[in-house]
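By written order: A, B, C and D. Residues from 1 in each chain.
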């Protein structure tokens, strides 16, 4: 018995190193981790990277497509620049059409004070108006076009990620916390407690998520701030999604409870919480880590869906879901295809988290 | 290999009393792009009605060797060399030339070569009754047999291995059996076609000590009743001493010492064998004395250098020899072979 | 053996009844959540239409719905009305009993859900098996990538994109269940084909997310089973690979998936709700959405309730299915 | 171009000329199809009487001379958007009298009328031989039964107030006050003969026919169908005091209790399941056109349950109008109203899956861009809109502190000039709207010079200065950047306007835009919800919960005939009832306030006994709108836009679209036809 415990300690000590080594081999997961780090850094420095703030709109550039960044003008290298934009009304459809004016050149300047608004207080600490890039005065650069209010979509994607990437983390923590707490209570005590919790799990699991959220959204006070609404949305989504986690934790508990080292700890009189914290939870930590990485994309997709249905955030609040609201029509895709581009960021993030989860699973699985 | 088999069926022969002979058997396993040299050229000979022990630490390649004999290694394993096997009709086949899951090989498996496993609890699918799964082995190899025939035969076999109430047990699910009972059932199933060779891959490791003894007794009894050879794979030298006539000690995919039980136990030549024997707990030993543990761990058999595989852990390692050359096999006494630079011509 | 099974079914059934009871409590709580109770809205609406509502009428309505009484009494009235009279309350958006509204939409909803479910399982299980058996083959990579795309694209967007593709290819957007031509036509082979055509996008959209998940589960389950010891034993017996795969591995790998059939309803209902809105399908999803926008809580709540109940029943059935498929399941369950 | 269109709108159009002469029905053998082949088949099969027997007596057939196309085709299905009951209802509305574009009335279901010299007695003639859509004859009894047993079921003998109604509330303007005795009493309707009835007012009311044409256009109901679902108690005297029930349409009625009525209705059809008599009356009595099986006089009747996503309307085989060549109308056999998310209609037009859709200005460019692909045309008609995007603060809001703030004209002024109307126009309407205040467009009667330009100059600094001058709210901003209340119940709280959105998707973007402008002047604006009209009105009446309203298409025909949108009883206030209906719990404005004047004017208009008086009331209300800017308008659009498939013919876009003229009903859709 003593020997067994010793060996488990031995494995535990080297588990992280082993996991990391295995994880590094999973190239997709590694790439995903790097992409996610870039995305999160971008979100943190969002106000600096985005040329405009969330509230800057411009009626001159409504529904303007991406402005290509050029390097050569008439065969000569100028460095990164954009052409001026010519706006004309198509008299057949009354639609505004934008075209490049090849005689107006606006260089893209880096690390400039912003001209198109976008003063910000970085992390709520430093006031600044420094932006990564911007066109010279008079020119505009819209990397992925603008929306119906003439807002730069790239800026909105970057600033929207501040909400879309960070709040799901809170939701994830909540889901995992609830899952572990409730699951381990059920698993540790068993018997009647377990029975009650099992029923609770079944009840919560029986509700389809989106319709349930729709029903609950009727009770949300409209004066709530966007971040609060998103927070609430996330909390509710996590309140709905903890049962899966709890179930797994519970069953792991049941199987581990019978293991010798837990029995020995119990016999030796260790308090319940100590047994749970010191012995049981570490034994399925790998599972928890995997679940954590998979809960986040779930919450991100959940947010986009709810916002799309008009049950989540509303403009001018900016999240990825809000940006996709505009793509709910066929005509948008036909006439303003670039408005689908924010989708790519959602897509990449969700995929990256999935691959990350896969990588972690492979790395954490002691049997492979 | 496929073509070779089709085009020229080589004729092989084996001495009368030899059932199985492996020569220069090498098995490589591809994992994550790396190639693991799990078995590195072993020669092995198994006589009729003999029990041969294959011992070694975990990861030494003994399991891979045994699975290679019955051809159930996973598809990422590739092998060279030869394994000659004498069939019931006297023809001799090189098993490595057969298609792994082809009809010919399948006709041999479970019929002429059978295998029992370390964990009887997982050797049966939990979804079908024991009877259903056991009958299969009759039905596969005797297409003319009806289900009723198969059931009769299985019940007879169950009686043979000492399962009480076989008629009831026949319709039960694996989860209703104890570990020992399942191992008996597995043995009964595997022996129901009276194979010439039984491969036993640590058949008692997962069982309680008392059950272990029962199973070992059962195997001995059946061997004498049915007249078969057993390739007994284990890491437990105690069992080897009681079960086997001859022993092969494996280390890092090689057989480092081969001989009769007496030779190995009383006159171990290879430092590794010596170490193994020293690490056996002895009832008569002093309580204070610590068990001997071999220093270090078994290296991973990837891109091994041209050297004795044991040199890093060997207390008698000779610098400049053991870490530079591949030691040859020396017959130190009749029927007692050892692969070690300490012995043989180089000595003189 | 039989009595064991029966005991299992009865025990499960009792638990289901308990679960339904708890769900009904939760649903009724949700119904009463939004500000302004049902009666205020009801009277307000009558007044908006120019109706003068006397105190007498208000009191009468209050008594009917038990609104002047505590939550639990109101709940009791609601529940007994449902159980004994099949009365789910009154939808003032539609100006008709909730039951009538639900009746009008439940058939297409359930048919769509079931067809989608069938599709999901018919597609994902064979693909999962294929991928596992041909691990790391081109097909495996292809299906895995499709699976990832299905998981990463929110299904509403997928719906719109497919609609766009359909429009580009056929000149029709394939909204609703029927083309204009067949909308009101009597049933015929052509109409049925038309229906099938219109079902492709919804089924794809609702099913894809599930299919992708299931495909991956099936694949990993199958890989798991293929690497289990009993396959070695079966091979050692001389059994054909094909028999081992289908008799043993597939059977075993399907079990957890069969056990999840009930739960998959949850995702399917979510899917149908979204898709109904995006693709304009006459299913409850749309009705629910409209009901919620208008805070027609009895309608919304009742549908939520029905969805939850259907899920619970689905789970009950899949539990029984699992117990029937897997002898260990019922044993473990009865032993606790 | 705008002016030209509006000039046309002003032109007096006498389409009723056709009614005076009675052109002979073309002979049956002139080779022209006189009815839809669909009906001809039924006639052949013997399931339907011949067309001559289905139409009214030859002299009483209504002939649509002006709208007769050269070579119409019978048959086909018109698929259009479903804009809800208040859209498909008017689409095939057949009122007793039709309001004309010049503000007069023309008989429609009625054949004609006489007015006595004192202006108190109206004799109204019906069409002989006219039939309900189920073939039963339409007679004076159907009007009298409706008025005496459905519209009014109980009257307080002392005050003359109508205390009970089957269909909903009574229309105020049926009640007139005699200045001599000061008493207010409802009009009394009696029967002369099967095709004639008399309406006696207690005091003269010159606009009574307009009132009927606008509000009580459905002033008749199939008695034979309602008899058993309208409660009747023979032991109780009738509220008119008339004992001879045959005079008031009550002959041959049998006793029916309310419970029986509910049961009888339920037995009639699975569509008529109501849990109480009130809902029954409201649904089948008032919103009758939603219910399949209820006989009507309309060109098409609904045949599908309301829950269907596609509502099918089938031609009425007994429709009583023909074209000049004697072809029974309508030409089109079926109309399908397709329900879907508003955003989906554009692609359905594009795919040719629907033939017609009413479109918003914001969507014009998308529809124009798809014209060729979808083989349709976007037509523009006129709508007398005062604004297309506006904010209305509830002057009767329940919270006193907010109400006081909303009453301040400087506050409304500030909100008006805080928004850059040019940007609003560019962003929301592709620059196609007028950048105007909420006011009548040029060319209409209500047009006042300068009204459209009032407070439209974008000037955030001035707006801030105006707000700084309001002592109740702070001059500095709180942490969120908003002004706050300095004292009172909300002391320290942000000044927050909760705006009720509109179900049309555009409102969200408009409100988001305004919110950003309002933020510049320290006012927070939040969209509360995006609910449908029903719920919004529910919220108004059940406790005055709406603080402010986002209004699209504020459509005013003439305040003198219907003051609804301009008068005090606008959508969100609860001073007086909407649409000439009595309000259950009206509120009273503060004495001496500007609003009190408006409310008084509205009430005065209801009982005005001369045309001049009515016009004066209307004029005052218009002036009050201009002076007070009750509704802050940020853009205006007078183009009523319709996308219509090119296969639909005989659609004339030269018409005025508004509720009073029944929107599309004004173009007489039964004269359209579909070319294959």
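The rule is simple: a residue touches a chain if its C-beta (ideal position, glycine included) is under 8 Å from a C-beta of that chain, and two chains touch if they have at least 3 such contacts.
The structure presented is a predicted model; accordingly, all values stated were derived computationally and were not measured.
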Checklist entry - Is the C-beta contact count larger for A-C or for A-D? => result A-C
Checklist entry - Whose Cα centre is nearest the centre of all Cα atoms in view? => result C
Checklist entry - chain A to chain C: how many Å between their CA centres? => result 27
Checklist entry - If you average the CA atoms of chain A and of chain D, how far apart do the two points sit, in angstrom? => result 48
Checklist entry - Centre to centre, by mean C-alpha position, how many angstrom separate chain B and chain C? => result 53
Checklist outcome for this item: Taking each chain's centre as the mean of its CA atoms, chain C sits from chain D at a distance in Å of 41
Next on the checklist: If I count partner chains per residue in chain C, which residues reach a count of at least 2?
Outcome noted: 163, 167, 173, 277, 295
Checklist outcome for this item: Note: chain A residues in touch with at least two other chains are 328-330
Checklist entry - Okay, in this complex, where on chain D does chain A touch? => result 343-344, 346-347, 350, 364-366, 368-371, 420, 422-423, 425-427, 430-432, 496, 498, 508-509, 512-513, 515-516, 519, 526-530
Next on the checklist: Which residues of chain C touch chain B once you look at their complex with the stated criterion?
Outcome noted: 228-230, 232-241, 247-248, 251-252, 255, 325-328, 331
Item to check | Parts of chain A lying in touch with chain D, wherever the complex brings them together | outcome: 55, 57, 59-60, 62, 89, 92-96, 148-150, 222-223, 310, 314-316, 328-331, 335
Item to check | chain A-touching residues of chain C, taken from the complex the two chains share | outcome: 15, 18-19, 22-23, 26, 30, 33-35, 148, 151-157, 160-161, 163-164, 167, 173, 263, 265-267, 269-270, 273-274, 277-278, 285, 288-289, 292, 295, 297, 300-301, 303-304, 307-309, 311-312, 315
Item to check | In the complex, chain A residues that touch chain C | outcome: 199-200, 202-203, 205-212, 214-219, 297, 301, 304-305, 308-309, 311, 324, 327-330, 333-334, 340, 343, 346-347, 350-351, 354-355
